[in-house]
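What follows is a pair of complexes built around chain A, which joins chain B in one and chain C in the other.
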Partner chain A sequence: MRYVISRLWSLCLVFVVSSFVVFSGMYLVPGSPENFLVQGRTVSPEVLASIRVQYSLDDPFLTRYWNWLTSAVQGDFGRSLTTRQDVSNLLAARLPTTLFLTLYAGVLVVVFGIGLGVIAGTREGVFEKIVVFGSNLGFAVPTFFAALLLMAVFGGALGWFPVTGSGSGFGGRLFHLTLPAVALSLPSLAVVARITRTSVREESGSDHVLMAVARGVPRRLVLWRHTVRNSLLPVTTVIGTHLAALLASAFVIEYAFTLDGIGALLVDAVHRQDFAVVQAIALILVVAFGLINLAVDLLYAVIDPRIRLGKAA
Partner chain B sequence: MLTIDNLELSITDPDTGRVSEILRGNSLTLAAGEALGLVGESGSGKSMTLQCVLGIEPPGSSVGGRIELEGRDLRALRGEELRRTRAEDLALIAQNPHSVLNPVLPVGKYLMEGMSEARSMPKARARLRSSELLRSVGIEESERVLRSYPHQLSGGMLQRVVIAGAISAQPKLLLADEPTTALDVTTQAEVAAILDEKRREAEMSMIFVSHDLDLAAAVCDRLAVMRYGELVEIGTPEEIRDAPQHEYTRELMNARPKLHPEEA
Partner chain C sequence: MPQSLVKPSSRISVVAGRAHRRLGTLGMVCVTIIAVIVLTTLLAPLIAPYGPYEGSVADRHLAPGVNHLLGTDQSGRDVLSRVIWGARSSLLGPLIVIVVTAVLATAIALTAAWYGGRVDSFLGRVLDVLFAFPNILLAILAIAIFGPSLLTASLALAIGYVPYSARVIRSVALRERNLPYIAAARMQGIYGFVITVRHILPNVWPQILTGMTINFGYAMIELAALSFLGLGVQPPNADWGLMVSSGQSSLLQGYPEQSVAAGLAIVVTVAAFGYIGERLGGRRAAGRVR
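== the complex of A and B ==
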């Protein structure tokens, strides 16, 4: 329990520091917000002044940060500087696609990454070589190129899957997002498969596994309870960081498959220098990274009693 | 009971292809209920002999000769038959108990697994037996220990758990590979005494690997001295102490630390 509290505490600290960076980062961009609002038109100083008042741009920096943060915590990210819509409404419309895509890819990474890694780690021969080769390939091919390739083969030539749009309903989404999710998952899947394989190999040579064999423990148990289970400890950490990174790479994929997710929104917002939207998305990313890492740490503590119970004898 | 006949072991390094001879044609026999001490310096092939008996020698090994347990050729066993023999007739007690138990499973699981999953004892009975076994090796708080994880227990405590697991099957042959070397000096004596007592109680045979001549002499009926993969001398502790035949045995005797140098 103390472990959970200390992890939560440090997560809060991370959120405060990174939200400050996100907020202040926008002011390092050349040009001031009010100049973007008038979009290059020449306006009288009075108009500029009224804009500054409307957006509270004359408040001290820390006051603006505080106001922004407190309303952001309540789900209010202010208004888009260009479309005048509530940022939270914009996000709410886009978030499901991105989340679905990321989770879908995450499931693929976990299931196929670990699955292939375990198989490659426990048997020698052709299959192992294929997995090693495939994982090199998967890691080396950039996501957007994989996306194009998948679109050309499964969307174009074979015509099995749609290449645009995100579908509606659970089944529709699943169908529409299959190719994007596969493209998105490939690099991480490759890394996870590879690390799982190495880890399983290493674990199967460890003393306690050898001893389990010497004690006459059935093979199936030696494999799953002693080898695979223990070898997943390092894999968990890797999966955690990769799941968080999936969210960021999802933006590239959304663009390639013209999906209406957060990524496309971010790209547009950056183009139009829509401060409020960019800040909100950046903050959401930070929170997502933090939460995923927290989940991984807690999961790790569940799997490994040495973390949960401390090192004391 | 156990016959080792002309046991040879060589290991090929998979990277360099270099072959190193580890055991050079050793033979020995062990009577039922007898304890044999295998002594010699590190790398003389003591532990490897035990690994050959269990069939867990490292990858790249090639083994020659015969090992028979009550007339059965251990090296010829395969699959389920080999597994059951390891589970029921043999038991290994290794040097470092912290690397023997799976670090992420509780101690109780280790004992339960040996009894119910390896030897098909009903779970409820294995559960009861686990606490009994722990108490019999001098662990009073058996319930707490069963729930503990390996890293929460001391080496001495954990080695008792391993001994409890080893005797749980009433195996025909105990293979003890420097069972006290990794422990601190005070627990060494206790653990050695428990092992000795349990073995005599159940009349199990034992091969006791040690580099400590005095300890081996105290718990064994006969001693076998090994050097560079060869068995150079075998005899009762008295014979070895009073009239060592081989030059190396004499060196080994003289290398012992002495409490009163003038007595030597």
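== the complex of A and C ==
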């Protein structure tokens, strides 16, 4: 319990500091904040006034921060600086695609990463060599390059999958997001497969596994109950951190496949210098990143009693 | 025989032998690949058959042949030459990242390890907060504020890399700091700063170097991704990430040369650095988050 509380406390600290960084970033630029927000676009005095109100530029700095934070917590991120749309609505329309893509990639990482790792860890021969080689190379392939190759081969040449859009309905999404999810999952998949393999290898040489074999426990049981279960401990942490990273790096894939997720919106907003949207998305991503990491840490404590009992922090 | 009397050629072979024992055959291949890439970068004006911006639209999408070994891109520029010239910005960015990261992380880590106690736990807290911020998001935020450029992206990434590197270096430095010879040096009245720089720093140096090697690969991928998104190096400059991006439409039309050549350049470089880093630092580093 003390562990949970200390972990929550540090997460709150993280949220406060990072929201402050996200908020105050624009004041680092020389010149007045309005000029930065407008970026040389010609705007009517009314818009300028509404920007001053939106950012409450007439208030002291900390009041400004507090106002922004409280309205952000209530789901009000103001309006886009270029299209004047409500940022929250903009995000709400885009969020499902990103979540779906990240979860899809996450499932691929877990299933294929662990699957390939276990197979490679328990079998010798060509297959293991392929997995080892593939996982060494896999982390070196940038996701956007993998995306382009998949697009050209399976989308263009073979025509099996669509290369743009995110589809509608569950089946449509699953179909449309297959290539993006594969591209997004590759580097993490490679790392997970490699760690799983090493871990399974180490575990299958351990005393208790040898003992189980000696007692005549069936091989299949030894493998799943004694070897794999124990070897998944280090794998869980790796998977957890990588799931959070998938969310944070999904925007590259979304941009490559022109999906309508929040990541593509972020890139777009940076190009159009729409700082209100950038702030909102950055804040959401940091919060999501923090929450996933928290969940992973807590889960880890549940799985491994040593963390709960031992030196937690 | 004193060191100075050894013939230079055999001295090189001694060093090579030591490196070979440490890195293995594949590791030496990687070192060679990196050496070739770095040389190519430095000698680009001599090696590249054409200039990076040279070419006319009339020659667009030429197939690989005698005149253009890797063909031409959508503006008729020689792909091989652009890959060679593009190595400059593609290597410069990660170099900035690892140097800045190493300097900041080492300074923080050694300070924390030397003073311990409150200083240590304060610095640890700061690093924890920074650690919770995804690297690439920090870079995007910096670009949104200061405008797209390689330098902005590299510096922001470097700051994002500091927490992890600092933690690793700190743990090694802490072990070193508690050894008897450090206590002996303090007894002699040597300043903490001098002890840190003259005694602790050389002993954590291998750790710093390993971290730099591993970070180089990650930094290269992330900077290439930013260039791919149009937020790093700007056209018409030659850069690998940018080339993958500007070759995207050609690739889908059936002219894969540009994207594939630049993409493979990234893959080979990152894989070479990754393998060496892994040989130097063991597997722990391999599981790290991007």
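Heads up, the rule we're going with is that the second predicted complex is superposed on the first by the 277 of 313 C-alpha atoms of A that agree within 3 Å, B and C clash if a C-alpha of one lies under 4 Å from a C-alpha of the other, contacts with A are read in each partner's own complex, and residues count from 1 in each chain.
Throughout what follows, contacts are C-beta pairs under 8 Å (C-beta built on N, C-alpha and C of every residue); 3 or more make two chains touch, one makes a residue touch a chain.
Remember, it's a predicted structure, so these values are computed and weren't measured experimentally.
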Original post:
Which one hits more chain A residues, chain B or chain C?
Top reply: C
Subject >> Touched partner set for A:Arg194, first chain B, second chain C, both or neither >> reply: second
Original post:
Once the shared chain is lined up, is A:Val213 touching chain B (first), chain C (second), both, or neither of them?
Top reply: first
Original post:
Is A:Val252 touching the first partner chain B, the second partner chain C, both, or neither of them?
Top reply: second
**OP:** Applying the touch criterion given at the start, work out whether A:Phe145 contacts chain B, chain C, both or neither, answering first, second, both or neither.
**Re:** second
**OP:** Applying the touch criterion given at the start, work out whether A:Val22 contacts chain B, chain C, both or neither, answering first, second, both or neither.
**Re:** second
**OP:** Quick one: classify A:Val53 as touching chain B (first), chain C (second), both or neither.
**Re:** neither
**OP:** Note which residues of chain C are touching chain A in the complex, please.
**Re:** 125, 128-129, 132-134, 136-137, 140-146, 148, 217, 221, 224-225, 228-231, 241, 244-245, 247-248, 251-252, 254, 256, 259-260, 263, 266-268, 270-271, 274-275, 283, 286-287, 289-290
**OP:** Spell out the part of chain B that touches chain A in their complex, as residue ranges.
**Re:** 54, 56, 83-88, 90-92, 94, 96, 99-106, 113-114, 117-119, 149, 151-154, 165
Subject >> chain A to chain C touching residues, read off their complex >> reply: 10-11, 13-14, 17-18, 21-22, 25-26, 28-29, 136-137, 139-145, 148-149, 151-152, 155-156, 163, 187, 191, 194-195, 198, 234, 237-238, 241-242, 244-245, 248-249, 251-252, 255-256, 266-267, 269-271, 273, 275, 278, 282, 285-286, 289-290, 293
Original post:
What residues of chain A sit close enough to touch chain B in their complex?
Top reply: 206-208, 210-219, 221, 225-226, 229-230, 233, 303-306, 309, 311-313
